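Next come the structures, one after another.
What follows is a pair of complexes built around chain A, which joins chain B in one and chain C in the other.
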Partner chain A sequence: MLRSTWWKILCVIFLLYTFIAGFLGGVPVKPILNETIRNLYFHVAMWFSMMIFFIISVVYSIKYLRTNNIGFDIYAVEYAKAGIVFGALGLTTGAIWARYTWGAFWSNDPKQIGAAIALLIYLAYFVLRNSITDIDKRSRIGAVYNIFAFAMLFPTIWIIPRLVESLHPGGMGNPALNTGDIDSRMRVIFWFGAIPGWTLLGTWITTLRIRLQLLSEKKLQNAEKNF
Partner chain B sequence: MAYPNIRWAYTIFAQIFFIPGQLKHIFTLFKKDILLEIRQQYSFYGVLLYVASTIFVLYMVMGQPEETIWKALFWMIQLFICINAVAKSFLQESRGRLLYFYSIAGARQFIIAKLLFNSALMIVMSLLSFLLFQLLLGSPLESPFTFVLISCFGGISLSLVFTFLAAIAARAQQSAALMAIMGFPLIIPQLLLLIKLSSIAFSSVLQSGLTFIILLLASFDVMIVVLAIILFPFLWKD
Partner chain C sequence: MQKRIFSVLITVISLLMCITAFAQDSTANKKPEMADALRADGKIYVVIAVLVTILAGLILYVARLDRKITKMEK
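And then the complex of A and B:
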C-alpha cells in the first residue's frame, strides 16, 4: 500500500481537477463573499484532512499500546505531524479569507480559537515526546497522551461550536459549512476533488516520511547487531 | 473463517465493572493519602497561603471588581490552585515508594484512589477560595449557594483532568513545566463551559441551555475517569 502508485496518480488528478475546475468553474454569486467562495476548496478541505490525519494517528496510537510494535508509533507520530501542517494551513487560509470577508485576519471567532487550541494540544504532544529520552517510554507515554488529548479535543471541536454564536457560516448548526451556500457545481468539486485530493496528498507526504523513519530505525537496529 | 478477537473488549469491560470488588484497596490507598495530608499538612497550608496571598494582591490592585472580572479571576485562580495541589500527587512519591505501591495494589486501584483524593482536595480548596473571595473581593453573587455547588463541580472536573496529566508528566523530565504545557490547552474548553455555567449564580434570570452544559461537563468527567482507568496501566509499568 505504501509504495503502490495508483493512488498517487489519483491524487494528482484530483488536485489538478480541484485547481482547474475550482478557479475556472462557475460559482454562485453571493454578496461579500464574491469570488472568495473558491477558497472553500482549500480552507475547508484542509480541516477535513487535518481531522482525518488526527483520527488515523490516534488509531495507530491504540494499535501501538496493544502490540508494542515501534512501527505503529512512527505511523502515529508522522500522521500527527501531517495533521499539524494541514491545521496550520487551514488556519492561514482561513485568516486570509477572513481578512477579505470579515475585515480582519483574526477576530476571536469561537472556531478560530478552537482550531488554535487543537494545534496547541498537538504541539504539546511533541514537547512531551521530546522531553523523554528513553525510546520505549517515549512511545508509550506519547501514545497515552495522544489518546487522552484526542478524546478531550474532539468533543469540544464537534460540540462547543454548535452552542455558541460564530461568524462562520452554518451558525448554530453544522460547524463546518452551510450546505445551502454552495450549489451542485461546487459540491462536486469539493467532495470529489478537493477533500480526497488534499487527503491523499497528505497521506503521500506522510508515507514518504514514515518510510524514511522506518529505514533509519532499521539502520539503528543493524548498527546494534554489528556492534 | 477467523473469528474476530474481542478479548480486549472484555478486558476493558472487566476493568471498569469489577471495581466494586477492589473497593477495600482503593479505600486504603485513599485513607493513606488523607493521613499523609493530615500529618504533613503541606498542600493544605501551602495552597491556602498561595490563594490568600494571590487574592490579597488582587485586592490591593483592583479593590472589589465587578462580576465579570470576579468570575474570571475566580476560575483562573481555581486553575492555578488545581495545578499546584494536584501536581504533587504523583511528584511527591519517590521511586521506591511507588514501587512499593505497585507491589501491594493494582494500577487501577491506585489511580482511582488518586482521582478520589484529588477531587476531595479540590472541593475543600474551592470552598476555601470561595470564602476568601467573599471576604476580600466582595460578593457580586445573586445566589451564593448555587455558585458554591458549581465551584465544587468545577473543582472536581479540573482535578480529574490534572490528576491524569500529572500521572503523565511524572514520567517525563521537567514535570511541572510539562503539566502547564499539556494542561492549559486541554482545559480551555471545560473552563469556558464552567464560566458560562457559573453565570447562573450572578443573575436571578434562568438562562436556557444550561442543563445541556451540565450534562456535557458531567459526561466529560465520566469520560476522563474511564480513560484514566483504561490508560493508566500503560503509564505504570517501566
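And then the complex of A and C:
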C-alpha cells in the first residue's frame, strides 16, 4: 500500500472529476448560498479528510502502545500532521466563505470555535512531543496524548456543534450532510469524487513523509552500528 | 495636487459604492443569483482550465517527489 501506484492514479482521477464536475454540474438554487454551495466539494471535504487522518493516527498510536514498534509512532505523527494541515485549510476556507455569506471571517460560531479548539489540542500534541528529548518517552507520552486529543474531537467537532444553534448550513443537526441543502447531483460528486480524492491526496503526501522518516530512522541505526 | 487626486479618488469610490448599493436594491426581489450567464458564455471553462492546470502541477510535483524517495530507498 505504501509504495503501490494504483491508488495514486485513482486519486488523480477522483480529483479531476471533482474539479470538472464540481463546477459544471448542476446545484440547487438557494438564496445567500448561491454558487458557494459548491464549496461542499472543497471546504467540507477538508474536514472529512481531517477526521479520517485523525482516526488513522489514533489507531497507529494504539498500535504503538501495544507493540512499542517505533514505525507505528512515525505513522501516527505523520497522519496527525496531515490532519492538522487539512483542518487548518478547512478553517481558513470556511472563514473566507463566512466573509461572503455571514458577513465576517470570524463570528464566534460554535462550529468555528469547536474546530479551532480541536486543532489547538492537536497542535499541543506536537508541542508536547518536541519538549521531550528522550525518544522512547516522547513516543510513548505522545501516543497517550494522541488518544486524549482524539477523544476531544467528540465534544468539539461531533457533539457540541450539533446541539447548539449555528449560522452554518445544516444549522441544527448534521453540519455537512443536511439532506435539505444538497441534492443527489451534488451527493454523487461529494462521495465519489471529493472525499476519496482529497483523502487519497493527503494520504499520498503523508506516505511520502513516512517513507522519509523511516529512511532517516534506518540511517540512524546504521550509523549506530558502524559506531 | 496630491490632495486633489485623493479627493477625486474618494468621489469615484463613493460613486461606485452607490452603484453597488443600487444594484443590490434592484435584485433584492428576484430569485437567487447563480452564475448562469457565465456558464452560458462558456467562461466557466476558463476557471476549470486554471484549476486543472494547478492540480496537474501539484500532482506532478508530488509524483516527482515520490520517485525521488523511491530512488533513495533503493
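One rule holds in what follows: the second predicted complex is superposed on the first by the 223 of 227 C-alpha atoms of A that agree within 3 Å, B and C clash if a C-alpha of one lies under 4 Å from a C-alpha of the other, contacts with A are read in each partner's own complex, and residues count from 1 in each chain.
Keep in mind that, in the parts below, a residue touches a chain if its C-beta (ideal position, glycine included) is under 8 Å from a C-beta of that chain, and two chains touch if they have at least 3 such contacts.
This is a predicted model, so every value here is computed, not measured.
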Fit or clash - chain C, chain B, common chain A: fit
Chain B versus chain C as contact partner of A:Arg187, first or second or both or neither: neither
Partner chain in contact with A:Ile205 - chain B first, chain C second, else both or neither: second
Chain B versus chain C as contact partner of A:Val29, first or second or both or neither: second
Which of chain B and chain C A:Leu215 touches, first, second, both or neither: second
Greater residue coverage of chain A in the superposed arrangement, chain B or chain C: B
A:Ile132 touches, of chain B and chain C: first, second, both or neither? first
Which of chain B and chain C A:Ile160 touches, first, second, both or neither: first
Included angle at chain A between vectors to chain C and chain B, based on C-alpha centres and rounded to the nearest 10 degrees: 130
Superposed arrangement (fit on chain A Cα atoms) - minimum chain B/chain C Cα distance in Å: 33
Chain B and chain C contact sites that coincide on chain A, given as residue numbers: none
Chain A-facing residues of chain C, complex: 31-35, 39, 44, 47-48, 51-52, 55, 59, 62-63, 65-66, 69-70, 72-73
Chain A residues touching chain B - in the complex, by the definition given at the top: 65-66, 113-114, 117, 120-121, 124, 127-128, 131-133, 137, 140-141, 143-145, 147-149, 151-153, 155-156, 159-160, 163
Chain A-facing residues of chain B, complex: 8, 161, 164, 168, 171-174, 178, 181-182, 184-186, 188-189, 192-193, 209, 212-213, 216, 220, 223-224, 227, 231, 234-235, 238
Residues of chain A that touch chain C when the two form their complex: 3, 8, 12, 15-16, 19-20, 23-24, 27, 29-35, 201, 204-205, 208, 211-212, 215
